[in-house]
Each structure stands twice: as C-alpha cells, then as structure tokens.
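Right, one structure below, let's go through it.
Letters A, B, C, D, E and F mark the chains in the order given here, with residues in each chain numbered from 1 onward.
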Amino acid sequence: MSKKVVTLGEIMLRLSTPDHQRFVQAESFDATYGGGEANVAVSLANYGLDAHFLTKLPDNPLGQSALNHLRRFGVRTDLISRGGSRLGVYFLEHGAAMRPSKVVYDRAHSSIAEANLSDFDLDAAFTDAAWFHFTGITPALGEKAATLTEQVLRKAKEYGVTVSVDLNYRKNLWTPEEAQRVMQPLMDYVDVCIGNEEDAEKTLGLKAGASDVAQGELELSGYQEVCRQLMDTYEFRYVTTSLRESRSASDNGWSALLYDGREFYHSRQYDIHIVDRVGGGDAFASGFIYGLLQAWQPKDALEFGVAASALKHTIPGDLNHAALEDVMALVQGDSSGRVQR
Amino acid sequence: MSKKVVTLGEIMLRLSTPDHQRFVQAESFDATYGGGEANVAVSLANYGLDAHFLTKLPDNPLGQSALNHLRRFGVRTDLISRGGSRLGVYFLEHGAAMRPSKVVYDRAHSSIAEANLSDFDLDAAFTDAAWFHFTGITPALGEKAATLTEQVLRKAKEYGVTVSVDLNYRKNLWTPEEAQRVMQPLMDYVDVCIGNEEDAEKTLGLKAGASDVAQGELELSGYQEVCRQLMDTYEFRYVTTSLRESRSASDNGWSALLYDGREFYHSRQYDIHIVDRVGGGDAFASGFIYGLLQAWQPKDALEFGVAASALKHTIPGDLNHAALEDVMALVQGDSSGRVQR
Amino acid sequence: MSKKVVTLGEIMLRLSTPDHQRFVQAESFDATYGGGEANVAVSLANYGLDAHFLTKLPDNPLGQSALNHLRRFGVRTDLISRGGSRLGVYFLEHGAAMRPSKVVYDRAHSSIAEANLSDFDLDAAFTDAAWFHFTGITPALGEKAATLTEQVLRKAKEYGVTVSVDLNYRKNLWTPEEAQRVMQPLMDYVDVCIGNEEDAEKTLGLKAGASDVAQGELELSGYQEVCRQLMDTYEFRYVTTSLRESRSASDNGWSALLYDGREFYHSRQYDIHIVDRVGGGDAFASGFIYGLLQAWQPKDALEFGVAASALKHTIPGDLNHAALEDVMALVQGDSSGRVQR
Amino acid sequence: MSKKVVTLGEIMLRLSTPDHQRFVQAESFDATYGGGEANVAVSLANYGLDAHFLTKLPDNPLGQSALNHLRRFGVRTDLISRGGSRLGVYFLEHGAAMRPSKVVYDRAHSSIAEANLSDFDLDAAFTDAAWFHFTGITPALGEKAATLTEQVLRKAKEYGVTVSVDLNYRKNLWTPEEAQRVMQPLMDYVDVCIGNEEDAEKTLGLKAGASDVAQGELELSGYQEVCRQLMDTYEFRYVTTSLRESRSASDNGWSALLYDGREFYHSRQYDIHIVDRVGGGDAFASGFIYGLLQAWQPKDALEFGVAASALKHTIPGDLNHAALEDVMALVQGDSSGRVQR
Amino acid sequence: MSKKVVTLGEIMLRLSTPDHQRFVQAESFDATYGGGEANVAVSLANYGLDAHFLTKLPDNPLGQSALNHLRRFGVRTDLISRGGSRLGVYFLEHGAAMRPSKVVYDRAHSSIAEANLSDFDLDAAFTDAAWFHFTGITPALGEKAATLTEQVLRKAKEYGVTVSVDLNYRKNLWTPEEAQRVMQPLMDYVDVCIGNEEDAEKTLGLKAGASDVAQGELELSGYQEVCRQLMDTYEFRYVTTSLRESRSASDNGWSALLYDGREFYHSRQYDIHIVDRVGGGDAFASGFIYGLLQAWQPKDALEFGVAASALKHTIPGDLNHAALEDVMALVQGDSSGRVQR
Amino acid sequence: MSKKVVTLGEIMLRLSTPDHQRFVQAESFDATYGGGEANVAVSLANYGLDAHFLTKLPDNPLGQSALNHLRRFGVRTDLISRGGSRLGVYFLEHGAAMRPSKVVYDRAHSSIAEANLSDFDLDAAFTDAAWFHFTGITPALGEKAATLTEQVLRKAKEYGVTVSVDLNYRKNLWTPEEAQRVMQPLMDYVDVCIGNEEDAEKTLGLKAGASDVAQGELELSGYQEVCRQLMDTYEFRYVTTSLRESRSASDNGWSALLYDGREFYHSRQYDIHIVDRVGGGDAFASGFIYGLLQAWQPKDALEFGVAASALKHTIPGDLNHAALEDVMALVQGDSSGRVQR
C-alpha cells in the first residue's frame, strides 16, 4: 500500500490575469487553487502516495471548490475542517522578461488562519502516517496559526512521523524578527529542512556570505556555509536549498544543493523558460520528499526534485501535473522536448 | 454647467462565473466593479451630470483598477481616499429559470468599512453640490461606516444639499434590529426615500400587509400602505418603491410606485428578460434622481427610472450603460427591440 | 448538375460584442463576415446549388479572410475581383428584451462601393446561370455601385437569367427619395420581389395602410394592399413580404405573405426566441429562391423560406447554417426541439 | 455513515460548441465529462451518499481526466478499471427555440464497451452497498457490455442490493428489437424502473396509447396505461416516468408520474427555460433514488427528483450541481429566482 | 493555369489544450483540422497551385467541418468521398522548455482507414495532374489503407505523375518491421523522397551512423550516409532530410540536407522559437515540392522549403499560412522580425 | 500641482488576433485603443502628470469607447472634439521569431484626419501647459491634418510651451518626399527631437552611414553622425534616437542615444523578450519627456525612458502600464524578474 503523507497549511483561491496582462488591464481572471503545502500534497498524490491535507475551509461554495480541486487531483480531504470566515485569495499578475510577476495577497482572516486544534482529528491524521510536511507560511498566518502549527508538530512527533519543513519566508506576512521568534523553536521537530537562498537568513537568522541575489549570480560556497550552519544549529538529517538564478521573469537557471552533514551534492542545473513560476519550490520539495520516501539515495531524491520542479515551471497554475514518468524521463536525460506521439 | 451629485459608499471587485456556471464549475471569473452608490454615480455621469464618488480604496493595483473603472465611465474620482486593508470582493453566480443567482460576499475589513471622516475633504465634496445619495448598505458595513455615514449626512445638510437614500436591506450584513437602530435616525436627513418591497420592513420596521413576495405576486395596496407609513413617520418629499415580480431568475415583472404625500402613481410595468439583474435597483434610483434634478414631473422621473432599470436588466455587469437617448426611446414607447442600423 | 445562381453585393467584416455587452464594455469582438447577397449565396450553396458571389475585395489579409469565409461554406469565389481601398466593416451590439441590437456601419469607401464594370467577367458569371439575386443595399452604396448594379442587371437579362431583389431599405445609406430614384428603374429587370414591411414604402414609394410597425402589431390587409400595388406597378411574377412582429429584441413573431397576382398566401407563423437576428431576411429570401428553383409550388417555397429564416434566428452570425434536412423537418412540423441523438 | 450506492456505465468526454454555435462554426469545444450512470453517481455523491462508479477507462491522460472529474465531484473511483482502447466521446451542439440540440456520438470501441467481468472487483463493489443503478445505455454498447451488465446485476442481487434501471433507449446504439431482446431478461433483477415517455415502447415493447410526443402534448392516461403494463409484466416496486413537453429546444414542461402498483401520483409541473438539457433525466433518477434511500414517501422522492431535474436544466454540463438545500428550497415552493445574497 | 497537385491521406480533428495546459487541466479544446497530406495540400493551394486532396470523410457535421476547413484554405475537395464510421481525432498538449508536447491519437476506425479504391474517381484525380504526394502515415493506418495507397500510386504512375513521399514514421501506428514490409515496395513508385532524421531507419531499414538524436546534436555525415544509401537502394531523383536540433520544446535548430545523387546541399540553419511545431515537416515538404514544380534549382527549392517550415513553427495549428511573399522575404534574408506597417 | 502636458494626434481602435494567429485564422479580435500621441499622454498621466489629449472622435459608441479608454487611464479628455466620419482602425497580427508582426491600417477618413482648427479650444489647451508633444504620424494623415498640426504648433509656441516631436515615419501614409516637404518646416517649432534609426532619413532627409538595419546590427557612429546633422540643421535642445536591434520578432536589443550638442550618451542596453512591441517607441518618448519635466539630468531622463520602454515590451496593448516605481526599480538595476510578493 502506498505511504501516507500529511501536510498542513492554507489553500487559496488564485486569481491570475490572462495573457500577461497587468492588473489594471484585467477584465477576467483565471481561477485555480493553491498554496505551499497543498501543492506538495497534490504532487505526492500524483506520484501515487496517500496524501492528506489538513486545513480549514469556509462552508461556502468557494471553500467547496477548493476542496474539490484537491480531490480532483487525488488528495484525501477527509481531515479538512469546514467553517470560519473566508477563503484566502491571492491575485497574480504574470511578468515577462524584466517585468517581475506580482502577487497581491488578500488572505487575512481566512478560516485556516483562525482555526483551532479542536478543528482537527490529529489522531486520525497521523495514524499510519510516514511523513509530515509544513512550511514557514503557515505559522506566519498569525498567532493562532503559529500555535496550531506547534501543536500539530508535537502530535506528529508523538506518532514518530518524519517531519520536513520548507522555510519559505514571506515578507508581507511577517518580519524577519517575528519569523525567527516563531520558527526557531519549531526546528526542533524537523528532520528535513528545505529552503531557498534567502530563507535561512530571514527565517532562522543564519546568514549566507552570498552577495546580491537579485543580480542573478550564484555563489555556491556561501550557500554551503549556510547549510553547515543549519546542520550545526539544528538536528536535521538533510538540508537542501534550491538555487534560482533569476535572469529575468521568463528565464531562470535552476538547481539545488544538498547537505547531509558530511557531503555536499549540487544537482544538475536546468535552464528553464518559464510558463508559471509559482509552485516551483513546492514541486522541488515534494519531489525530494518523494525520493526519500522511496528510500532512494538522497542525491537521487534531489535530482528528482530538481527535475520535477523544472517541469513545474512549464505548467500553468500552482500545481505540478508532471507525472512520475515525465519526471523520470527528464532525470534520465531527455530534455530535448521532442513531440511524444 | 451640469449639476454636481455626490454619492458615498463601497465599490467592490465583482467576480462572476461565465455562461451560467455554478461556483463549483468555475475555472475563470469575469471581473468588473460595482456597488450601490458607485452604480448610481456612473449612471448619473452617463446622463451628463458631474458625478462624484466618495470612498476609500486600498493603495494597490486592485484599488487602482476600481478607481479606473469609475473614471472610465465618467465619474469624478478626485475625492477618493487611498489606503486601508483591502478592496471588498463579491462573487456572483448567475441563475436561470428557477435557479436563483447567488452572491458570496467577501467584503469584511475593506478600506471603506474602516475609513474615518478625516479621510475625506467633505467641504470640497459638497461645495456647489446639488444632490447627495447613499444607501442602507454603507452604514451596514460596520460601526465605523455607520458613524461616517451620519457625519457625511450632517455635512451634506449643512451645505443644503438634497439627500436621497436607497434603503437596500442586506441580510448578511446586519439584522433588522441593527438596521433599524442605525437607519431610523438617519432618515431625518433624507428628502427622497427609495426602496423595494421588503426594505421598509427590514430597515425601518414599517410592515406591508403584502403577502408572500417570493410567490411573485404583487399587492399594490400593501405597498401603498407602507408608503403612507413612511410619509407619516418621516419628512420625505417623495417615497418610491420598485416593484419586482420575480417569476423566475430569467423573467421578472418590473414597475414602481411613487407617493408624494398626496397621490400615488404606478408606473408602466415591463416584462423583462434578464441578462444581469444586479444593479437594477441602482439604475432605477439614478433614473429617478436624474429626473428630479431635471425638474421633471415626479411621475416622469419615475417612468424614466423604471425604463432605465428595465434596460439595465439587459446589460451585463453592475453598471447601467443605457444612454439618455436609449432610456428616452423606451419611455416614449418603443420596446420593439428592432435592430437599429 | 446543380443549378447556378449568382448574387452581387458587399461582404463586410462583422465585429460583434460578446455576451450581450454594449459597445462601451467590449474588450474583444467576435469576427465573422456577412452581407445580404453573400448570405444568400452561402445559403444556396448550403442547399447544394452552384452559388457564385460577385464582389470586389481588397488585396489584403482581411479581403482574403472574407473570401475564405465564403469558400469555407461552399460559395464559388472565382468571379471575385481583388483590389480597391478597404473591406467594409460593421460593428454589432446584440440587444436583449427591450434593448434593441445596434449596428454601427463603417463601410464607406469599400472596394465594392468603388468598383467598376471592368472589374468583373460578367459573361463568365452568367453563362449557364439560372438565377441572379441582388438587394437594395448594393445600389445604396453610392453612385458607382448603383451604376454597376444596373449594368449587371442588364447583362443578366441578356442571358435570360431570372432576377430577384430583396428591397432592403437602409436608412443610413440613403434617403427614401434617393432610394426611389435609383431603385424604381431597376425594378424593370426584376421577376421576384422580396421585401419586409417597410421596404416598399421607403424604396419604391408604395405605402401600406399598416399602422405603427414599431408596436409589434401586424395588419395583414395593409400588407396585402402593398403587394397589390407592387404587382400593379411592376411586372413581377411574385411578390413576397416577410412579416416580423418585434415583440422585443429577444422574441419575435415571424411569417411571410406571398402574392402571385391572383392569390395571397400567408405562411405559418413562428414564435422565435432570438439568438442572432441578423441575416434572418436573407435566410428567408434564399429559402424562397431555393424553392422556386426546385420548381416547388410557390407556397411551398414560401413555407421553406419562412422555416429556414426561423432557424437562422437561432444561429449566431450572419449566415444560415441550417441544412436542407433541418429546414425540411421544421416545415414538416417538428418544432419540438427534442435532442437529436 | 452515509449509504453506499454503486452505478455501472460509460463516462464520455463531452465536447460542446460554445455560444449556440453549430458544429460547422466551431473553432473550439467546451470539454466536460458525462454519461447516464456517472451523472447519477455524481448527484448522489453531491447529496452526501457514498457513491461509487464502475467503469473502465483507458490508461491515458483522457481517461485520467474523466476519473479526476468524478473524483472532483465526490464520486469514489477505487473500483474503476484502467486499460482498453479509448475514451468514448460525444459532440454536442446546443439548440435554441425550434432548432434541436444535436449529438454526434463517437463512442464505439471504448474501454468500457470492451470490458470483461475480470476487470472489476464486484465483491468489493457490493459489500455494504445499499443500491445499484444502471441504464439501458450500458447493455446497448455491444454484446460484451450486455453480458457484463447481466453479470453485474446477478452479483448485485447476490448481495441483496436494491436495483434501479433507467430504460434510456438510444436509437443510434441499437434497434428496438435488439433492445428488447437484451433488456427484457434484465428486468428480472430490477426493483425500481425509471423511464421517459418513449422508453417503455422501444426498450420493452410496451406501447402507450399516447399520440404524437413530438407535438409537445401530454396525454397522461396513456402513460398510466404503460405504467400498469410495466407493473403487470415485471415485479417492480415502483415505476416512474418523466414527462417532458418539448415546446421548443429552449422551453419545456417537466413533470413525472409515479406508480406503486396501487396508486398514481403526478408531480408538480415545472416550466423550464433550458440552459443545458443533457443529464436532466439522470438528475431526475438520482433525486428519486436519493429520496427512496432516505426512506421518504415515494411521492416526496418523486417531487425531489422532479425539482432536482428542473434545476439541472439550468446548469451547463451533464452533471447536476444543485445542492441538497437548493433542491429542497425548490420543492418547498420557492421558484421565484430572487438573488440570494 | 496553375499546376495540379494531388495528395492522399487522413485529415483529423485536432483538439489542443489552450495556454500550455496539460490534458488533466483542460476545460476546453481549441479545434482545428490537420494531417500530413492535407497540410501539404493547403500549403500548395496557398502558394497558388491547384491542390486536390483525396480522402474519405464521415457523412456527419464533423466530416463536413473538416471538408470546409480544406475549402476555406483553397484546397479542391471535389474528389473527397463521404461515408464510413468516423473522423479521426488527435489530442494535442503543447509542451514548453523541457516538457515535450504530447499527442494522444484517437484515429482508429476512421473513414479513410477503412476506405476502398471504389470510393474514389482516380481518373478524375490524375487527369492533368503534375504531382502526387503521400506520406508514410497513410499506409500505416491499416491493411486497407496500405492497399489503397499502393493502388493509388500505381494509378498515379499510369498517368505519368511525379510522386513524392514523406516517410514520416509513426511509432504508435506500426512497428519498424511492419513499416518496412509495407513501405519498401512502395518506394518503387517514388521520385522524390523526403524524411527526417529517424524515418529512413524505421521505415526503410537504412541506418544512420548518427548518435543520440534526443541529445539535440547533429551529425551531418551520418545523414549524408543515409541519403547515399537511399539513393543506392531506390531510383529517387532527390532525397532530402530535414534536420531538427531539439534543444527544448520551445527552441529548435532547423535546417535540411539535399542529395541529388551527386552533390549534397545543406541549407541555411534557422534558430526557431516555437509557437506550434506540428506540421513543420509538412511545411518543409510542400515548400520543397513547390520549388521543384516551379522548376527552380533544387537547392533553391530546399531553401524555400526550410524557410517555409521555419515560418510554420510560428503559426498555431497544423497548417502553414505563410504566404508566398512571406517565405520569399525570409529566403532573401530578412529574419529581423520588424513590424510590417 | 502636477505639470500640464498636451499631445495631439489620432487614437485608433486596435484589433489584434489572439494567440499569435495570422489574420486568416482569426475568429475574434482583442480590442483596445492606441496611437502614438495618445500612448504618450497615457504614460505621462500614469506617472502623475496632468496629461491632455487633443483629437477629434466620431459621435458614436466607438468614439465614446476610445475616449473612455483614455479616461480610464487618467488622461484628461475635456479638449476632445466630437464629430466627423469615423474612428480609425488598425488590425494587428502578432509575429513570433522570424515572422514579423503585421499591421493593416484602416484609418483613412477618420474624424481627426478631417478636423479643423475650429474644432479645438487651443487657448484652453495651452494655458498653464508646460509641454506639447506630437509625432510625424499626425501630419501624415493628410493635408488637413498637416495644416492643423502647424497651426497647433504655432499656438503652442505663442504660449511658450516646450515642444517635442517623435519623427515616426510611416511608409504607408506618405512617401519620404512628402514627409520631408511637410516635416522640415515643422522642425522650427521643436525643442526636443526623438526618433528611431530610420526616421531622420525618411522624414528629414538626413542619412546615417549605418548599413543594413534589417540585419539587426547597430553601428553607433552612424547614428551619432545623424544626431550631429540634426543638431546642425535645426535648433533642437536635445536629439535622441532609440536603437533597436531586431534579432527576431520575439527578441530585440533595445537602447537609446542622446545628444545635447556637446556630448553623446548611450544608455544601458536591454535584451528584451517581446510580449507586445507596439507602443515601445511611445513609452520611450514619454519616459524621456517625463524625466526632462522633472528637471532630471538628461542622461537620467534617457535611462528612465529606455527602461520604461523595455517594460512596455512586456505588456500587451499599445499603452505602457508600468508604474513610476516599476520603472525606477528597473533603472536602479533590478532586472531579475523575481516574483514580488
């Protein structure tokens, strides 16, 4: 039977402008649903795992639509609580070339941000579970959500579940100081720590010597130093960092770095032409988690995660609809993009 | 020079499902902007008046888009304040036949709901103004908005501006008890009172003897009785009630009743096939206001308002884009719908 | 082999607003191509005849697209001349209920309006031709077009081709006085005269006693009187008038009256719910012509034309895509609209 | 815990032309998924039952999409077999007024049409199941499907499951003779028989005295006679017939007749303005089944089914997305279509 | 008069997901029509030749739409037979970057796959014809289609028509063994042989020494060797191979190699940014054929074909809508992409 | 208070094919409005200036829509005259890679082309104005428009307004000879001269030694020479030339050259991936004007203009919706395109 994975977080209605329009031009929005941990759950379900998502959704048609979206793509929704004020929304404007994509969050007062421990049946959630994943976004939703996250983590550990975190710093949700105050203690529950270039500094206060990330240049040694600090400070089994070279809103370099406390492994680097960047980090995290759950070599898990994420960048929406065989083909080296017929 | 009119209220992003889809089917939303008093301002600008809208909009691209929408259709936006938390949103599912249209409001914590008197330059607003219009929706947004409404009304009266209200009861914003507590005192500022069949009861506690409105039957005498009560209780110059016979979500009968304290006037009744019902009441109110501002006979103003509203029902979106000459042609009797070429 | 029919006229790019939008709301236009005589050619090709269209189109991609549209639906385009200034355009706003549809013409200076006799190979056109059809729109395009029409008619008669006209008065192209000056002499070439209620008066100066057409009431006797006058004045074989009761932009009554100089025949009347009204008259004309070309009883041709036209009203665009068997089924009485599967 | 229901049949990709276009106009198709028994499963899941769908889907992205569609709307898909040649497709052209909707089937050689008993785990399917539903479409798919249907029915009876059938005659799948040969023996397994006006005659050879259904007139006594014959011939607990008056493709009358062997019950009749007719019968069947499973009075179940079906006609696609409370509100008499906000 | 060309094959309904969606995301499909030999016929008609397409289409609206599509773009459809079971369909998902485009064929049992010689009037087809073109796809449709192809080729040769083939191996239609058994004998009828890198090996068993094509590297000498083998084995006048460097699904290098038995000619290489790859090979073939029919130098024909194909990659759909002057401008060196106004 | 700027010219309805379609494929057009001087007015309003647009628009819904579009984006429309024959239209086909974008103009006989001085209140226009901008397109519309331009320029100078011109040669509006005859005398009114590589030669007869521009190669010295000639010939304060390297329709290099009579300044060069090229020059002009109006160093104004224009190329439509802060961020060096959230 396939392994059971649980993730906790917020799923939002995503409203994006079509055809590279700016917000002030939009007369319609494409609608889909997404959020860091929900995206991970969908990817893992897509690879065949028994993926459950813990959240709270309002008892209205929008909440139902978010739930249906998860269900459509194979996520188990039995543990989702219904009620509260509203579904969080985020508005997305796709950039191009030197024009960055823009996100306007409208997620305050969402049902999950105001949820309590009593909304969830955590025993049902963690019975037979192999893995729990969360991100730094969930505790950033507010004091109640931070408390909830800690309570869920404690429960996960009681059940002996492996825990991963994607640090995911969001500057419009909290300050680095707030983030560090909340996140540092949570790291004690974590086995696998995933981040991108700036997360460790903002979320945990560990500073890379890397220079100006906005310039699109990568300095590997700086990231290695941060990984070492993370390993020294916390009892992680693995630390991994995705490495994005943002050449423009349309073209990025994309790879990842893995550290197991002894050795570093730097994955293959992909040159990606971007259809939709959002969810790229979640695709990486879920690919890496999937590989570890399959008991692959960590570096194979890393390559799988990086390839999965590269494919995600070519797919519209938050979710990674690349199938297992799609990712495997890319890992095995076919990036020619020839028509499959 | 054209007359200056000021309205106060909330403009929301309206997100509606296309092609009669239910919410759970939607993969995109048509986006436009609307709200009772904004709709009235657009209609009056469209007829050539100098229409100003008082509101507060967030300082983000969505707030800007709402402002641009008003500007596009001729409303003066100089008095709009920028800042606050968010733009209110409402989701709309168009019904058909026996399936009612459905609105999901997501408007709590909007910038205007949390605005203060100090956000606005009311002296600039009311200098040279001839008319001020508000609806029962604005004070229903919360205590701050109710206080603001009262303050604005007081200022309007200081400047000797004629005041109209559309009672517009919204059951998901407040209870009848709350509505009556807030609205009754505001009526002292009002010269022209506009409502639909159920507003007077819910908002002011004045009860029609009319039977089951949901059945789509109209009993004129009951509405006359309510009009008389309104006139007896408050010092209105005119009371008018739109009369909708909801035969189905697609087909309605539509007329209005006017009372000047002496005589009743029941307008022509239209059988309308509905393209978009939302904003029908606002189109009526603005037509009626326009007629009074032109110093037409009240019953001519009423007929103009009813015809304008009938046309609105055939136009998608909240706004009434029927031009002055379109309404006049219908008032003068041409409802044949022949192609104009 | 199927009979050869020739029509002469203008085909325009038609740009219509989607989803009942008014022009001021449109951010896109649906594009198709149409025009009275082109529509007739398509219908006749659709019924299996060898239909040719005579026009002049600009030598640019828009002219090519118009030609392709004709070709797509089976019209022979070999006789079309290329060159001139521009393709005529018309903008269409679909009405609903009491809001009429609106057409904004932008057709001045089109290639066909400025074409000469030398642009066409009329001998090729009329060799083996059985029928020629034109409408009152073509000579209304200007002096050159009026002259061209007369020259083509003369040629048609030289070849012994039967000639039909759809009077089709267009008030924004000319005045009744201009129309009568040009059209009256052309009637000498005509065998079959087709019109609607107001055409005879405006185009030929023959006045029905019928009262206010805009009111949607039909007075048959008045139309009969006009038919008699037409027969008395000109040497037509048949006169037919479509009778539209415009109850609203959405719902019309639709029938037709035939006069052969001896007897009147009033067709079955259809209650039509309108998807797209434009081209309804052309669908009627082509159905009637088709029936006569099949040597059916004139009243059977009339019933075919009326049924074809009723179906056209349910089809978006100018063209009637109802197949022969669709029309026959309706003529034979099945208007139940049951799903065909 | 909610009751378990199983249905068996084909789900197809449905490709429909947008905006009332005819097939020859279409440059895009709206895509959804549907089929009689799948539609019933979705409705029952939507009402809260534990609905399972038995079918076979090709192991390609189209098969996956059909499965996801079911999952999205709450149907349990664990019992679905994967493999075979292809997903059946049907093309749909929406009619209007006197133009009927048109279906072009492209469903031959579909995976389910060529499936075997060994493709399914029927013990898992029927363990704890309360109800099994199938339609006359499934055995019409071919000899293999007919055999499969009989085998599944036998298994259902072994497990003591209540069985309903919707006779659903499809003339392009088989002849009345073929239908009767296959369907008559299957009736021995059936407890509840559902049909429309013509099904009993075509499928079971039992002929109503009712006259010309295409004329849109209903003769109740004829249908009663057929119900009696059905009851006399087979050991049904209930027989019910939906009664459609096809006034046009846009407007229908809609009601149903119930017979329990003793009394007839004729439901309320609805005048429906049609958005999408397909799936109307399935909505009726599932509403009726739901009521019986709730142990309501049969006539209450009937009213629920008829109201559910009336609502379905206002919803695009094959599926009935009317929620339990939507149907209940209509049953309880509110068909005014007032905006719900 | 323009030269007559005949092609034989299948035209399918092509249903592609919009906006780079994966199949599992699609809620609509863009619809067009295409197929190797149909695409060639359209290109040649577009350049002004008298292009005829031989196929069989079902006698339903989908078959009619396919025929209309050909007609729209100038192909002569008189020789098309109507009848049979169905129109073949192919589903297309556009890739991007390292995600390949994906085709799901649903073309079994199509009318042309089951057609007989007696369905066609080959004497009419080949009278006055200058050229006949087919591809390896047609005989791959099944035994009947392979037989038909051989019969048509024999007839073409009787009429002295020049014959070209595009080898076009399709791995999901047949195995290399089947392909070689059928295709090798057909080469005796062929004058001009067109292929891409892998066709010769799979279809004719002639193996290039070129290494891993999927890696996007080109080894010219290997292709030259294959060309020589082709020339040695069969009596071709020209052999040509398109050379695609698949760097990704978005960016390809594109050139071609020509061999006339004496000399090799390698065309200019284009760096193409792909809008739609499908039909690129057909655009090359038709450009090359066009050049030869104009009696240009073979290398000029080759450059024309390569440029035409480069342009095709920028046009959505299967068809090459680049006009003669567009291709000529590119051949003559202007690839700057400056706006033409 | 913000500075007042006036521009004079034509705004057209722009109809563009969606999704890279060629004209012959289009079944719909995206509609927006634009034109050189209107685009400049919108950009300047967007940066916060008091921007007025002088034009004449037809008194129909299309003219109104153009006006509304200006109003929506903050342009003051009080000075616009209404009347005349028609709104100019231009059709746009977006190119890709080596396929150039194509414009079909349909602008003859537009209201502004036939406007007179008496249509405008120039005293109102130039009172308190700081800047006037026009382009070489307006006088190219015809003799009347050339005369009008000269009259407006004279008036601007009377009011002491700074004048800028964008030379903007349009080869389908006039010949170089005509252009030079009209434009040369107008240069006497000009303070700031803006052009691209070929404008000076075609419009003013001053020839760069630069070689083949279509090849996408830039020779800076040639452009410097032209700038010197311009400065020598006319009394400009600044001359600036945008420098486009058209590598393909999708990718361009983009920079600009400034000359103040003493020194040259060559801006940073951007590699741009094009979403929509149209209006790129206008975005440059307005950015440069904005900078000068802010009394920035000319080279800072130039960098601002070039960055603004680079951003414009990523935005669909004619208008530059990049906000002041967007441009400043790019000027300050962040072109990484990282998601802003």
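Methods note: a residue touches a chain if its C-beta (ideal position, glycine included) is under 8 Å from a C-beta of that chain, and two chains touch if they have at least 3 such contacts.
None of the values given here were measured: they were computed from a predicted structure.
Shared contacts of chain A and chain E, meaning chains that touch the two of them, come down to D, F. Checking D-E, A-E or C-E against B-C, more than half of the residue-numbered contact pairs recur only at A-E. Among the remaining chains, the Cα-based centre furthest from that of chain F is the centre of D. Superposition of chain B on chain D using C-alpha atoms only gives a rotation of 120 degrees, nearest 5. Remark: chain C and chain F have CA centroids separated by 44 Å (rounded to whole angstrom).
Each chain gets one centre point, the mean of its Cα atoms, and the points for chain B and chain E are 62 Å apart. Separating the CA-averaged centres of chain A and chain D is a span of 42 Å.
In chain A, the residues that reach two or more other chains under the touch definition are 18, 22, 24, 27, 68, 73, 102.
Interface note: chains touch in the pairs A-B, A-D, A-E, A-F, B-C, B-D, B-F, C-D, C-E, C-F, D-E, E-F.
Across the complex, chain A meets chain B through its residues 15, 18, 22-24, 26-32, 60-62, 64-65, 68, 85-87, 89, 91, 93, 102, 104, 106, 108-109.
Contact residues of chain A toward chain F in the complex are 19-22, 24-25, 95-103, 105, 170-172, 213-216, 246-251, 277-278. Residues of chain C that touch chain D in their complex: 18, 73, 270, 272-275, 310-311, 313-317, 321-322, 326, 330, 333-341.
Chain contact summary for the complex, chain F toward chain B: residues 68-69, 71-74.
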